[in-house]
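I'd like to ask you about the structure that follows.
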Amino acid sequence: MRAVTYQGVRRVSVEEVPKPVLQSSTDAIVRVTLSAVCGSDLHVFHGRIRGMEPGDIVGHEYVGTVEQLGDDVKVMTPGSRVLGSFFTACGHCWACRRGFFTQCIHSQLFGFGSRFGNLSGAQAQWVRVPYADQTLRTLPDSITDEQGILIEDILSTAYFATQRANIIAGDTVAVIGAGPVGLLAIQTAYVFGASLVFALDLVPQRLEQAQQIGAQPVLVNGKEVAAIHDLTDGRGADVVIEAVGSGASLDLASRVARPFATVSAAGVFTESSLPLPMGRVFAKDLTLRSGMANVLSAFEPVMALVKNGRLKPEMVISHRMPLEASEEAYRIFDRREAMKIILLAE
Amino acid sequence: MRAVTYQGVRRVSVEEVPKPVLQSSTDAIVRVTLSAVCGSDLHVFHGRIRGMEPGDIVGHEYVGTVEQLGDDVKVMTPGSRVLGSFFTACGHCWACRRGFFTQCIHSQLFGFGSRFGNLSGAQAQWVRVPYADQTLRTLPDSITDEQGILIEDILSTAYFATQRANIIAGDTVAVIGAGPVGLLAIQTAYVFGASLVFALDLVPQRLEQAQQIGAQPVLVNGKEVAAIHDLTDGRGADVVIEAVGSGASLDLASRVARPFATVSAAGVFTESSLPLPMGRVFAKDLTLRSGMANVLSAFEPVMALVKNGRLKPEMVISHRMPLEASEEAYRIFDRREAMKIILLAE
Amino acid sequence: MRAVTYQGVRRVSVEEVPKPVLQSSTDAIVRVTLSAVCGSDLHVFHGRIRGMEPGDIVGHEYVGTVEQLGDDVKVMTPGSRVLGSFFTACGHCWACRRGFFTQCIHSQLFGFGSRFGNLSGAQAQWVRVPYADQTLRTLPDSITDEQGILIEDILSTAYFATQRANIIAGDTVAVIGAGPVGLLAIQTAYVFGASLVFALDLVPQRLEQAQQIGAQPVLVNGKEVAAIHDLTDGRGADVVIEAVGSGASLDLASRVARPFATVSAAGVFTESSLPLPMGRVFAKDLTLRSGMANVLSAFEPVMALVKNGRLKPEMVISHRMPLEASEEAYRIFDRREAMKIILLAE
Amino acid sequence: MRAVTYQGVRRVSVEEVPKPVLQSSTDAIVRVTLSAVCGSDLHVFHGRIRGMEPGDIVGHEYVGTVEQLGDDVKVMTPGSRVLGSFFTACGHCWACRRGFFTQCIHSQLFGFGSRFGNLSGAQAQWVRVPYADQTLRTLPDSITDEQGILIEDILSTAYFATQRANIIAGDTVAVIGAGPVGLLAIQTAYVFGASLVFALDLVPQRLEQAQQIGAQPVLVNGKEVAAIHDLTDGRGADVVIEAVGSGASLDLASRVARPFATVSAAGVFTESSLPLPMGRVFAKDLTLRSGMANVLSAFEPVMALVKNGRLKPEMVISHRMPLEASEEAYRIFDRREAMKIILLAE
């Protein structure tokens, strides 16, 4: 089959590789319809993921059709349209029993190499999915493939971070970063009850897109903290959702937050140490939450919201390209010329 | 001044009465711009409120302009546009300190006679408001008088009941009753994150109005429980908001609720005893909440939501009439020919 | 094997019956060490459970040793000491995924006849346990069999009702009824942070036992509401746990509760309709919760609390009798001459 | 009157200063019975608080008797025994209305100089207390002065941090640091439902004291993370309370926390920037909370718990000294030779 493979720093290529086969009675083989390039794939692309070897298949966002199932898979049947989580979960360990699926003691990540469970990626024609009953969800007809692939990771990431932000209906919400996750967090913040969402970004074009979906744009130009205070009677935003994943962004989050706010980070942090403004966190009685998005716990509500038209994630898709054009896809995504790229398996 | 007065069972009349004066240093005298007739005024109209004497002024929904203030009022000034709660709160007792304003140990209700604190009603040209700093809120220019009078009671009642319903974003919500509070509860349920709201009512016309604001209509015709189960994969609604105030309505709520649901009642219950399906509440692990709406805790978020266009309460207003036409207003409201009647002070 | 069987209204007898065998790959056969008589067994004894036929084995509280396992059971091995839930849960349906195990769509109750899943009871030498990985839990050495059998149902019932009561550390808690569940609810209320627990009962001897574990006794003699108000600066108890299961008890709960309190019922309600004081529930802004105890969600924390000595459930055991003496056990339990009876399998 | 005054880096002296007088109608003059030296007073002692000038009175922990009251103080009378918060709160601003008293827009700190509101300290014979109705609480006879002065700051600080840690009854809790706040956090963790509390400290003597109140001691010697994992089946502690106030302590907290834990910091952080392990916070889905302790919201429950014997804070008092010996008191406290020092006004 054809698959996107890692070939070294800033190099991927589409190669012919063996089609995956069932390895366990709880596995599924999924024929991939769409895959997508995610910001976290750039960590691989930049060579920052130890254990990722040349030739390894990349990618973790996918929708498709079940082709083959192990004997112990019960919830789905061959032919089922499915979306899948970017990580696997066993469903039986203490973490899974409590619903902490990202922390499953048997968890593997798709396309992140040997240090994350050595599971082949999903930017390919087929993908093997362990613990299929837990890792996959059947897609209803009323949800399109493109909606499904966004539900599968970044929309559920936005939902997860927003849920952890503890919005009380009527609150103002500041979203730091108007990239794909940030735009979807604007949508989820409104669904959770925001009266007004402020979008903060350095790039005016991103703010335009944020404004189109109802956010109040605030350009990050050195006056953004004053701007938020002016817009909130001097208090700061009731809730902050960080959607960048940097220390500077967390620092800004702590500045625009009102006292006793929650700052919920949707961004990915890989630094073992990062300077943070603890004096301000203390003085303002803040709560800071970060985490790998527990998308498996979000799939059901997010699918209900998309199905009923309350979330419209497709708006973040900027490019649709064939799988064979993946090298070009990674290049333009790395140059930040694309918001979100969908790869068509054929 | 002119005021609507209770004159006996099913009789009100507009009379000339003395204009109120300040009685305490924390009082305000408010010149009423708009008042409104509320479903709970019908309890007075029907003669069911003991302690309500002929000649007593009725009404508890009002917006207006501050005319005079006691020396200890700090938050507002003469000329301030204000809305007010239907009950007063001292701000200092143990209940107020915990935010349980409806349970203030000094609480009085406007227009419910001597058993509820003997405070004159607000369907009048002027009204005296005790504990003005707590009981009144300044209206921003961006909120109209008509929005204000709905915020003041029934929209905040809907918000309070919805907040107590513990919606998780993505939940389905059944609203029992599509009267004015029910219609506003449909709006607040969406603001709190409902993926889909079911409106249940006996009257097709009310369901049409519910449908116009996005609810899925379900006629109460003996098949409504089956209908809800069909719409929810056999589970029942994740959350139920009761907006009628009867035993039959609570019984229906317990039937359409999924297991482990919360049934939050926005309706008014005055019966000392009511038959309830405790066996079903037990077997389904339900939570039942009821209460006098703590609107003072809801004013700030509700005003933010109205100001930003997320709640549009005006749609429930069916009639605008002069204060002098109040006799007619009560008659048509009692015959259920009006959804919501606003009374113009002049 | 020997087992306690239902023989008609107020008649049980110990009979020789076939030993159970594995019926599914997820079953376990457990050799019962201890079983116990529960208040809800009296519903069977009194002939009030439709579908319970003469000859059916009764009982649902048990600890024992795993003797045989179906091929798909993973968590335990033959020889494991186990306690089990009084109901089964599949672990895969929508209810189980959300942790609503009592509402599992495949749930069966042990010893309640054909209307509750037709599953043989546990007052026997062996019992077949469906979905063993979900329904059973391995007992650590540090927990005795007698602790285990109390954890298995009534202590976890007390924990579940207390958890749903939303105690804030420092609250006063009133427990209505000082029977076995009530006594354990006094313990769990302290574990959840009560500053002081009031025990209400009609029987002075039960109040003595309550007092020995730190409760303030309040005799139900017509002056109990005034007594609670005197003890709480006139407010009422911050939280109420009902541990009787009657309409009178819920009525008393609503009287001793302070405004905005939660009344959490641990008792069993089987009545299709019961008169409740809705006017008071409304006027006091109360929350009422009832439900079949979701003990499967409570086993882990309750075992941790027993293991570390924070809960001491053994104090409720009044009688230890051989299984062969079950007829006598039911008689004295039905006459309320026993607090809690443990049956020794041999 | 006599008062402890700041005289420069590492120098305090007891001086004769003017007795304070009422400045506002909401002030109280309190005759101080006991004051105490707090860890945060060492920030002053070390000269790290800008705006603290030689001659300024230090100290913020106090109990006493009301001597004189402004006309608008309603809740107390001259002669009332009172404890007071270390900060003042107006009760009327948006922050106070939401219960965020530490963030009152008019807040002043006692004894921290001009940058924190320029309010004289409480290590003196008398202290002026602004907004007395909010800032002070009447002490019941059943609470001693020594209990009161611990309730007033460090016990309520422990309660506040523990409440924000979201313990579920049965959880294991790790407390980092067994100083006075840490020891009290062990007590509050048990009150909130911990099944077992681990105390971590570098100093064996402190761990002995922790063990005496029921904690499992864990020496911080490089093996503490492994020790916690051994004690928790490899998971880590369900909840972590940090009671030191350093970056190293937060780092350790993140290591001993299980995935999806809350780390609630009771310590004081003044650093504008501190290196934190964000990669681990992300990978483990942690929540981090820090803040100036909102003791005013904790006084009522904490007093109820002390009154009923569920919290016994006196055990942290190591020294009782006359106010005149304050120079010596600061010296030994700074050398960490004292756990908690009480100063007797006469």
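For reference, chains read A, B, C and D in written order, and residue numbers begin at 1 within each chain.
We adopt the following convention: a contact is a pair of C-beta atoms (placed from the backbone, for glycine too) under 8 Å apart; a residue touches a chain by one contact, two chains touch by 3 or more.
Quick caveat, the model's predicted, so the values are computed rather than measured.
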A-D or B-D - the one linked by more C-beta pairs in contact: A-D
Interface numbering overlap (same over half, different under half) for subunit A and subunit B: same
Centre distance in Å when subunit A and subunit D are each reduced to the mean of their C-alpha atoms: 40
Approximate Å spacing (C-alpha centroids) for the pair subunit B, subunit D: 43
Overlap residues in subunit B, where contacts from two or more other chains coincide: none
Interface residues, subunit C side, partner subunit A - complex: 72, 74-75, 91-92, 99, 133
Contact footprint of subunit D on subunit C as seen in their complex: 159, 162-163, 168-172, 188, 190-193, 195-196, 300-302, 304-305, 307-308, 310
Complex contacts: residues of subunit B adjacent to subunit C: 94-95, 98, 100, 102-103, 164, 233, 235, 247, 250, 259-260, 265, 268-292, 294
